[in-house]
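Labels for the chains are A, B and C, by order of writing; each one numbers its residues from 1.
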Amino acid sequence: MQIVLIEVLNGLVYGMLLFMLASGLTLIFSMMGVLNFAHASIYMLGAYLAFTISQFLGFFPALIIAPILCGALGAAIEIWGLRRVHHNGHTAELLFTFGLVFIIQRLVQMTWGMLPMAYRVPPSLDFPLFELYGANFPAYRGFMLLVSAGMLLGTWLLLKKTRIGLIIQAALTHPSMASALGHNVPFVFTTVFAGGCLLAGLAGVIGGNYQTTEPGMADAMGPIVFVVVVFGGLGSLAGCFIASIIIGMIQTFAVVIDYSIADLLRPLGVVLTGDTLLTELLTVPVARIGALLPLVMMVAILLFRPRGLMGTRDA
Amino acid sequence: MKYRWLILALIVVAIALPWCFYDWTHHRQAGFLISMLSQMGMMVILALSYNMLLGQAGLFSLCHATFFGMGGYATIHFLNGAGDGTLPVPMELMPLLAGLSGLGVAILFGSMATKQRATAFAMITLGIGELMATSALMFHHFFGGEGGVTTNRMIDNSLFGLSYASGLQVYYLILAWTVIAAALMYFLTLTPLGRMANATRDNFERAQFIGYDPRMVRFMQFALSGFFAGIGGGLYAITYEIVTYDALASSLSANALLMAYIGGTTVFGGPILGAILITLLQSGVSLLSNSWLVYVGVMFISMVIFAPTGLAGIIKTHGPIRQAGRLRLLVVPYLRLTIPSLGVLLGFVGLVELMSFLTIGAAQGKKLVLFGGPVDVHAALPWAISGICLLVGGVWLRFEAAGFHRVWESLSAEVRR
Amino acid sequence: MTALSLRDVRKSFGPTEIIRGITLDIAAGERHCIIGPNGAGKTTCFNLISGRFPITSGEILLNGERIDTLPPHKINRKGLSRSFQITSIFHRMSVFENLRCALLWSRGYRYSFWSPLWRQKGLNEAAEALLEELNLASRRDVLAGLLSYAEQRALEIGMTIAGGASVVLLDEPTAGMSNTETDYAMTLIRRVTEGKTLLMVEHDMKVVFDLADAITVMVYGQVIASGPPAAVRANRAVQEAYLGALEG
C-alpha cells in the first residue's frame, strides 16, 4: 500500500510534466492546425539552456530565463519559418517542423557534445520532503508539482481572463471561425506558438534534472507526448490533461509491476510451456514492456474510438 | 515515354559501374562501390514506395520503415527456412515473399491509420512506427531483441544456379528487383487507383462526390506502398544477412522522407534522384564529417521553404525554357549565383565543422583537417573567416538571387507567349 | 414519378436550427430552382441531400430509396451528383484527368490497380467527348488549377454530370460570372442536363425564370412557396420576402 501512495505521487509528477508539453502542442495544433514535431526538441533545448544558465546564475534564474529563450525561439520559428511555408498547406508545415527536429538535435550535439550533462537538482531542493512508510518523496518532485500546478493555473487564467485568451478559446471550439476573426491572426499565431514553446522550455528546465539531460532526451520524450495528444483527442485540452495523467501513472506503475499475463492465467489453470512468440508475449513481465504500453494504448484507442478520449473533431 | 533513353542509360550505367572499377591486376571487385550501389538500390525502392504516399496520395507517413523492416525480418526467417529445406523457394523470389510480408503488415496498420488523413494520419503512423521499433528491441522471438536475427544467404536454391556468394551477384539481384519494383510503381500511377490517389490528395471531398471513398483509396495505396517497401527490406536482409532494430527504426522512416522530398515528390523519378544523392552523401560525407545530418537537415528545410517541388521539380521547370531553346540565356545568371553560393556554403560548413570539432571531435580525440592542413579550432581566425564568408556570401546571394529572379520571370513570360 | 423527395428535414448546428423542416418533392426530369436570400439554408440543404453533413431528423429519398444515412460516395453511386459553390476540382491534375477521374466509378473501374488507363478506349473516348462538349478541348493538358474562372466552372459542371447521374445538384453555377459567361454557362447546363432531374441554387432571377419548370423559395430554413414559376411569381409571401425587394 505504501508503495502505491508514493507511486501515485510519482505518476502525478510525471503526468504533469507530460501535460506541460502536451498542452502546448494541443494549443498550437488547435489554433494553427500544425503539429509541432520539434516540440520535444524545444523541451531538450530548455533543459540544456537551463543547465548552462544554472552554472553561471543558479537554478532559479534559469527557471525564468531558459523558458523565455525557448519562447523567443518559438516566435522566431513561427515568423521566419512557418509563416513562409503556410501557403503551401499543412503538410509543408509538418515537414518544416520535422526538419527542425534534425537541426535542433544536431545543434545541441554540436554545442554541448554527445555526453549527458551534469545538470543536477539544486542543493536547496535536494532533501526528502517527507517519508511514507520508509519510502522517501524528494522535495524536488514536490517542487515540480508546484511549478506545473502553477503553470496550469497561469495558463487557465490567461485563457479565461485576457483578450488573446478569449480568441484562442474561440479557436479551440470553432476552428473554422478562427480564420474569419477580424483580429490580428498572425500575431495570435505567433503568440500561441511562442507560448507553446515557452511551456516546453519550462518542462525542459524542471524535467532535465528529473530525468537526464542528454542528446537522446527529445527522441525519448517526443513519441510519448504525441501519444498523449492522440490519446486525449486532438485539440482537446481536457482530454490532453486526462491522458497525461493516465499515461504518467501507467508508465510509473509499469516499472514496479513484476507480473505478466501468464501470472494472471495461472490461477485459472492455464500453464504455458514451450518457447514461442506467443509464450514470450504472455510471459514478459509488465515492468519490461513499460515503454510499450502507451503505444499499445494509442493503437487500442484508435481502434475503438478514433477521435481519442475527448476529441470532438477529425484533424 | 519521353524518358526512355534516360532510363535505359541509367540501367546500363548501373550494370556497368562495378566493372569500371574492377581491379584487374588483383582480380578483385570494388567492394565499397558494390556495397554502396546495393544500398542505393534498396533506398531507391524505399524512396519510391514512400512517394506513393507523400507525393502521390498526399499522406505524410512516419512508419514507412516498419514495412521495410518487417520485410527484412521476415526474409531472414524465410532464408533460414530455405536453408534447412523447409521452404523450397528460390533466392530470386525471396524479395516477393518479403513484399507480401510488408503488404500484410501494411494492411493491418493501414486499416487503422488510413481512417484519418493529414496531421492525425502523421501522428498515428508515428505511434505505429515507435510501437514496432520498441517491440523489436523487446521481443526475442522473431525480432531477436537488440542483437537482431541473422541468416546465411547461401541457400543453394536458385532459378539460375547462382550461389550468391559474392556481393556482385547480390547486387545484380538487387538491381533486377529495383527495376521491376520501379516499373510496377510507375505502372500503378497510370491505373484508376493511382489517379484517384492523386485526386484525393488534391481534394478528398470532391473525390467523394464522384463516387470514391477516400479512405479506401488511402488504404489501398498505403497497403501497396507497404508491399514495395517490404521488397526493399527483403533485399536488405539478403545483402547483410542480418536485420536489427535499425531496419525499422524511425530514423529510416525519416530517411525515406528526406530522400523522396529532396529528390522531388511531384515527379515520378524524383525519389530515385534523392535516394542516389542521399546515399552518396551518406557514404561520402559521413566519413569526412560528424555533422553530415546537419547538412541534410538544412538542405531539407531550405527545400521546404524555397523549393517545395524538390530537385526533380526544379529541373522540370526548365522544360518549357529548354523547349524554346532559350536555356543558354540562363547560363550567365546561374554562374553569377555560383560564387556567392559557394561563399555561403563554405562559411556555413566552416562554422558547423569548427563547432562540432570543439565538442564532439574533441571527445573523439580527432583534429580538424581542412585543405590539407590542421586547423586550430580555438583560434579566432578560422571562425572569423567562416563568419565573414557566410555573411558576405549571404548578402551577395540575396542580391544575385533577385537578379536571377528577374531574368527567370522575363524568360518564362516570353516562353508562355 | 418523384426523383428526389425531402420529408420534414431538419438540421441543427449546436443549439441553432438552420434547416427547420423542409418537405419537397422533385419530379423526375424536372428543372427545379431554389431561390432565397443569403443565409436561407440553400447550400446547407444541398449539403444534407448529398450527404456532406448528416441530417438531424427527417427523411431524404432518392427514387424512393432512403439516402439520408449514407456517406457521400454511396449517394453518388446511387445516381445523385452535385457541384460546389466554391469551385471544387483536382487542381494539380490536367483538365482531361479531372474528367477521366469523374468517369471512373460509373464505368466500373472501382479501385482497380491492374487496368492501365491508356488502354481503356471507351473511357478515354468518353473523356475526350466530354472535353469537346464543355468546349475545353484546347485546354486538355493544362493543370485544372491554372484555368480561368469561367473555365473552372465549366469543368466543375462537366465533372458533376460525367458519371451519368440521373439527379444533378448545381450550387450557383453562374456565381461571379459576366453576362456573356452566364449565357454560355446556361446553354451548357441546358444541354448537358437534358433528360436529367436538375436541382439548382441560383441568384440570377433572369436565369431562374428562364430555365426552371418549378421554383422553391426558401427563407430562414423553411420553404415559403413552391410550384411553377408563374404561381411563385404571383405568391404574395414571396413578393414580400424576396422578389419585391429585388424588383422594387
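What to note about this one:
Simple rule for what comes next: a residue touches a chain if its C-beta (ideal position, glycine included) is under 8 Å from a C-beta of that chain, and two chains touch if they have at least 3 such contacts.
Values in this document were obtained by computation on a predicted structure and should not be read as measured data.
Touch-path distance (fewest steps) from chain A to chain C is 2. For the criterion of most C-beta pairs in contact, the winning chain pair is A-B. Per-chain Cα centroids separate chain A from chain C by 47 Å. With each centre defined as the average position of its C-alpha atoms, the distance from chain A to chain B rounds to 31 Å. The mean-CA centres of chain B and chain C are about 44 angstrom from one another, to the nearest whole unit.
Of all residues in chain C, only 50, 52, 71-73, 76-77, 81-82, 84, 88-93, 97, 100-102, 104-106, 109-118, 159-160, 162-163 touch chain B in the complex they form. Interface of chain B with chain A (complex): residues 54, 58, 60, 112, 115-124, 126-128, 130-131, 134-135, 138-142, 250, 254, 257, 261, 291, 293-294, 296-298, 300-301, 304-305, 308, 352, 355-356, 358-360, 362-363.
Across the interface of their complex, chain B is touched by residues 29, 33-35, 81, 84-85, 88, 90-92, 94-96, 98-100, 102-103, 105-107, 109-115, 219, 223, 226-227, 229-230, 234, 275-277, 280-281, 284, 288-289, 291-292, 295-296, 298-299, 302-303, 306, 314-315 of chain A. Residues 187-188, 190-196, 198-199, 201-203, 205-213, 216-217, 220, 224 of chain B are the ones that touch chain C when the two sit in their complex.
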